[in-house]
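For clarity, chains are labelled A, B, C, D and E in written order, and residue numbers in each chain start from 1.
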Amino acid sequence: MAQDVINAATLGSLYLLFALGMSLAWGTIGILNFAHGSIFMFSAFVCHLIVREAALPMPVAVLIGLVVGAVISVLVQVLAFEPIQRRAADHRRAELQILVGGIGMAGVLLAIAQRVTKSVPFGFSESTFRVHVYDLGFVRLSNVQIVIVVAACLLAGLAGWWLRSSRSGLALRAIGVDPEVATMMGVDRRKLAVAIMAASGGLAGVAGVLLTYYLGSIAAESGDAFLLKAFAAIVLGGVGSVGGAAVGAAILAVVETIVLVQTSGTWVDAVSFGLIFLMLLVRPRGIFGRKEVRRT
Amino acid sequence: MLEIRDLHVSYGKVEAVRGVSASAAPGRITLVLGANGAGKSTTLRTVAGLVPAVSGEVVLDGKVITGRPGHTIVRDGLVLVPEGRRVFAPLTVEENLLLGGYVAPRAKSAETLDRVYEMFPILAQRRRGAAGLLSGGEQQMLAFGRALMSSPRVMLMDEPSMGLAPAMVESVFGAVREIADAGIALLVVEQNAELGLEIADDVVVVARGEVVFSGEAEQARSDASVVRAFLGEAALSQ
Amino acid sequence: MNTPEDAAPPAVLEAQDVAVHYGGVKAVDGFGLKLEAGRICGILGPNGSGKSTFLAAVTRLVPLTRGRLMLDGEEYHNTPAASLAHRGVARTFQTVRLLPDLTVLENIQLGADLRAGGGGVKQWFRRTAVPEAVEEAIERTGLGAVRSARPGELSYGMARRVEIARALATRPRVLLLDEPTAGMNQAERREVSQLMQKLRDEGLTQLLVEHDVPMMVDTCDRLVAMKSGELVTEGAPAEVVRDPAVQEAYLGKRGRNHA
Amino acid sequence: GGPTSTDAGSVKGLPSTVKIMSIKEMSGAVAFAGTNATKGIDLAVEQINQQKFLGDSKLEIDLKDSAASAQQAASLATQAISDKSYAAILGPASSAQATAISPIAQKSGLPVVYTQAGSDGVLVGNYTYRVTAPAESYYQLAGQYLKSKHVKTAAVLFNSGNPTLTQLGQKTVPALADKYGFKVRSSDGVQVTAQDFTSNASKIAQAKPDAVFLLLTGPQDPVAVTQLRQDGYRGEIVGMTSMGAGNLKTAGKTAAGVVWPSNFSALDTNESTKKFVEAYKAKYGEVPNNYAAEAYDAAWFLARGIKEAGSASRTEIQKGLAKVAASGFEGAQGAMTFDGTDVRVTGVLAGWDGTNETLVPLGSS
Amino acid sequence: MSYWYDAHLILIQSTFVSLLLALSIQFPLRMGVFSFAGIGSYGIGAYAAAIMTIRYSWPAFAAIGAGMVVAMVAGYLLALLVSRLDGLYLGMATIAFTLILTVVAINGGSLTGGAQGLYGAISTLQTGQVILVCAVVVVLLALSERGRMGRRIDAVREDPELAVSVGIRVIRMRRMAFVVSGALGACAGGMNALLRTTVSPDDVGFSLVVLALTMIIVGGSRSWAGALIGSVIFTWLPQVLQAVGDWQTVVYGVIVALTAVYVPSGLLGVAQNGYRRMRRRSGPVAGATEKATGSEEPGGDSAPLEPLSEDVPTGGTR
């Protein structure tokens, strides 16, 4: 039981780490980045290539993941999303185009990684970091698990504070509503958009590297499965709320763990997506989602 | 303080502004009048850096600001209250105001916030509510307050009285006058010419993208063509 | 209430004790009025007094917290909003709401589509709406020259007229207008006012929300003043405007001069 | 290796080249299967042509990428069918693609030889052959191994989205348990795309069975093994062929001791296997894996069938293949016999020693 | 020609199946209903048709029809359930619906054939019949894009509240969108299952959602022609990309990204613009209908200081 709690916490933290970056970009400047999963995978992949050449310690690997993720994410923003937003006739069409643009970008990253790895799993076995498992008698806990849970809580807290309490957080949310008026108020929207995408990609990179340490290895396709889970967690929690993403990730992780422990596991997706479905029926804008502001 | 010199602006092939010149000085209100589609809003938007000018220049405190990106212009003390309010609907009233003070120092921003709440008590009441849920008039107040938050030296206003009840128009115009008296330069576009002329110091009339009248408000009030066009026949016969 | 010689005509639409609350915000709180057949009734009230919300409640676009709505003496506060349009109630909105991809003509046809037939599958694919209704609405509002323009190319005044034309094209019996002249200049306002009076003379029942007091006094047969979601006073326009409560809350110094 | 006896000279009735379409997954998630298979096929064709196995006529392979899409695979098959110059197809590895090809090929009478493609629906008639033996046909090796280790209890973790793995987990292993005297304590499915097995691993580690069957896909294998070990599980771990092909490399030492029954191992001492491995190493400078070996056999099987037919006609080739199948042959996978159109091999027990694949001798304990 | 037809039969068939599938997502999208339930319906249709054919030897159209009926009922019930959802929340709920169906298919035992799926669904369905069905569907949908129905659909998408105020029963229209989407999706699925004679859980999933979405966005999201363009491109692209060898997945991604970025109104929009430009160039007579409506002359020709000269379309976008 205690072990299950630890496991659920780890899984939830992984989902959160992944979802956090996606939620940041989506909840502020309205970019639902479907390339997020590929950025996550590709950061770990690049890190793997580097670690293969030089045995690096974990913090350095995480840093590399962060930088790679941020750089790719900024590239995607500058090459795809920014031109789409600049050209799109209206908001709704831009939304769909960004989705598809992200899908295309994701395809490119995935294809490159697949080509190089031939879809054989890759990891950081050459890193100086060693997974160590502490057996506390009633539970077993590894050092990676601790790092993941701590990182998730810390980063989520930081992101939440940033959006709620800082001026740039406020400006970002304003950009998502009306970029032109935000400009009028003195907000440099291009710079901030690049900044938030960098943060988002950096988080994806950190998540990718930590996940790879945790699982030992991931494959080129690993990003896609997480993408859907993260999307689900964000929607469940309510778009635009970091706390929502955290709660969504936690619910998803707990449900999956329970189903895995209690049943033979083949129904996991049905139960977790069934739950999301029901939750949405009860709360159509997610758990912490604000009602859409609409007036007659 | 603010000088608009022979401004030309086009949207694609459409020439919206064809040589507008106007100016605003501290403590004075310049009223811009003109028919629908005359190019008033376009002029203001170009000054605020949201639309590129084809030719001509805008000079703020002796510095040419034409061609500079929109977000840098607020820092120099020029702010625009946009046509149609354009409040950030999902953000709260207070967040809208704080965003208005994005470029102002924090302490200053807090101080101005109190002043705005004092000027529009309804906004203080609704500070935690979403701006999009306010009534049309309330939103107009918010847009006005938001612009004040940046502590501007030059303020452009695009139809500030639209949708406001008479009493509120009066108090907004009172506020506009007060702001001008505090040494701010104001350039106001207004459909309600009768009221506008009452508080204005200078008047510019625009038609089809060109200036057709420019002078003191007093002069405008007595100019028959201006009166006929903007105050109606009734006013003329009075 | 009205001029003594005509006995008060029957109420086409009646709202009693209407309340719309949003959490703590009492947007409308026990307001009501009667729309008499072939008359123009106006609502005056400070910003945020609940005029638009009341209109939304009457047209069933927001749910009632309490109250009774009646059309031709028949309660309708549980019927869906769309059926209200079918029963002859049309409206315009405070902010211009046109479909950006359609031309002016098509936007107006959208209104006439209402009368193009029932809900049967065959009707879905009918090519044209009632063309007479569309032409009539275009002519009335003077939109002939811009019929093939798109909303983005229109001036504000024109766009507002399209709103009115669309409502007229539904061939309504009752027309509700929410600040139809905001952002227009004096001359344009006068035209809208004249159009409304002409429609009244043809028997159309109207409700007008406006902040332009002289125009309201000229146009309306009866005025209702509202404040904080409640009724302040009602009656003949000149009287209502002179009411001290109205002057205090709504008109301000200058407005009083007008009255 | 090649055939033992080759009659030189021309085989009557064959054109100067016999064209075969090879439909393989060369890109996408299962590209590793396609690229390795292609290497095996290239080697076989090189040998066949050099040895003049078909006399003066040459075997020519036209490689097409089905890019992991069943629709693309089926479309390529119809192109092969309409273009009469194709004599046969070497089919793709994924069951989804194979089941899309089979009915069309069978209907229009074009012989197809598959490797992998373990699903039941793949073999639909006498024109469809498969030279990868179903895992359950040699999986008793695992039973023998576990018996020698005196295993009494076992747990099963299988990928419930994959037909082959599901079949192994739900049918083969329970049957094995009956036969070799151990009990299956728990049997859990995981999703096709599952990446994290922490919960499953904890659950199994707490139950402490003597053995665990991990019937997962290649990318899932190292993760599941690592997590089981990290959760303190010390018993036997038995997998299936997906453990091979370098998939355990990232798990390294943690995975030492994992075994899996395999239709092929490069370490096999079998004569024909050794010959293949040597030739492969000489050509590519690396050790062949099962995908390469199976495809190599498939190509040779086809060549034998063509020779037997003595004609490039599709119906004749089908008859030729049937004859070859009836008698069986020696290939990279050792001695191969056929059950209908489906191959059977003896198989070996492969294992992982922490850095390399090894051969696990049975019967030693 | 006939050789080419035979050799590319599968792609031809797939193009039409993809068209129906794309339409099943596009139709609700045109009403602003972001529903991916069409993909789930595709699964329902595919399994129903396969089961009816294999177990009960129903004729092709009866088997497909059975799937369509089931999917339409499911679509209607789903519409009732999710009536309060919109935007991407609705998208998520309907993706959940689709994924749940996939899991059900995997766990469906002998009825659905489990992870392996069903095979041997041999029927008499002809390519010509598939094309005929598509033609009928396209004609009906094309009608729904014009005239009264077209306007009403636009209104429901752009401004549901306005739509209600002109008497459009928005809720009913939305439900209809789900039902039609279910029918189209199930029809596509059923046909595909019978043409391929197999169906497996792999066939239905998130990747199909992504594919369908890509088709309609790249092709054009407002018209059946856009869906057609999208389905042609994404069915034939892999074939064309054989030329670039194992770079094909990379090139595919680049193409998708480029079209999304640089072709904002979809390829259909590009085609329409090109056509318009061509017509304009081809002579003043043809171009006359396109005459600008006066917006190019701010202020029109009214005298200055007479702001409201009648009927002059002057600008001012608010």
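Throughout what follows, contacts are C-beta pairs under 8 Å (C-beta built on N, C-alpha and C of every residue); 3 or more make two chains touch, one makes a residue touch a chain.
Fair warning: this is a prediction, and the values are worked out from it, not measured in the lab.
Most remote chain with respect to chain B, judged by CA-atom centres, is D.
In terms of C-beta pairs in contact, the better-connected of the chain pairs A-E and A-B is A-E.
For the pair chain B and chain C, the distance between C-alpha centroids works out to 30 Å. Note on chain placement: the centre of chain D and the centre of chain E lie 40 Å apart, centres being C-alpha means.
If each chain is reduced to the centroid of its CA atoms, chain C and chain D end up 76 Å from each other.
Residue positions of chain D touching 2 or more other chains: 27-28, 31, 160.
Across the assembly, chain C contributes 52, 61, 93-94, 100, 155-158, 183, 185, 187-188 as residues in contact with two or more other chains. Residue positions 35-37, 84, 133, 230 of chain B each touch two or more of the other chains.
Considering their complex, residues 22, 25, 45-49, 52, 94-95, 155-158, 179, 182-188, 190, 211, 213, 249-255 of chain C touch chain B. Only residues 143-144, 146-149, 151-152, 154-155, 158-159, 161-162, 164-172, 293-295, 307-308, 310-318 of chain E touch chain C when the two sit together in their complex. For chain C in complex with chain E, the residues that touch the partner chain are 59, 61, 80-83, 85-86, 90-91, 93, 96-97, 99-102, 106, 109-111, 113-114, 116, 119, 123-129, 142-146, 148-149, 152-159, 166, 170, 183, 185, 187-188, 191.
Interface residues of chain E facing chain D in the complex, by the touch rule stated above, are 3, 6-11, 14, 106-107, 114-120, 122, 196-198, 200-203, 235, 238-239, 242, 245-246, 248-249.
Within the complex, the chain D residues that touch chain E are 26-28, 31, 64-65, 67, 69-72, 74-75, 77-79, 81-83, 95-96, 99-100, 103-104, 119-121, 124, 160-163, 166-167.
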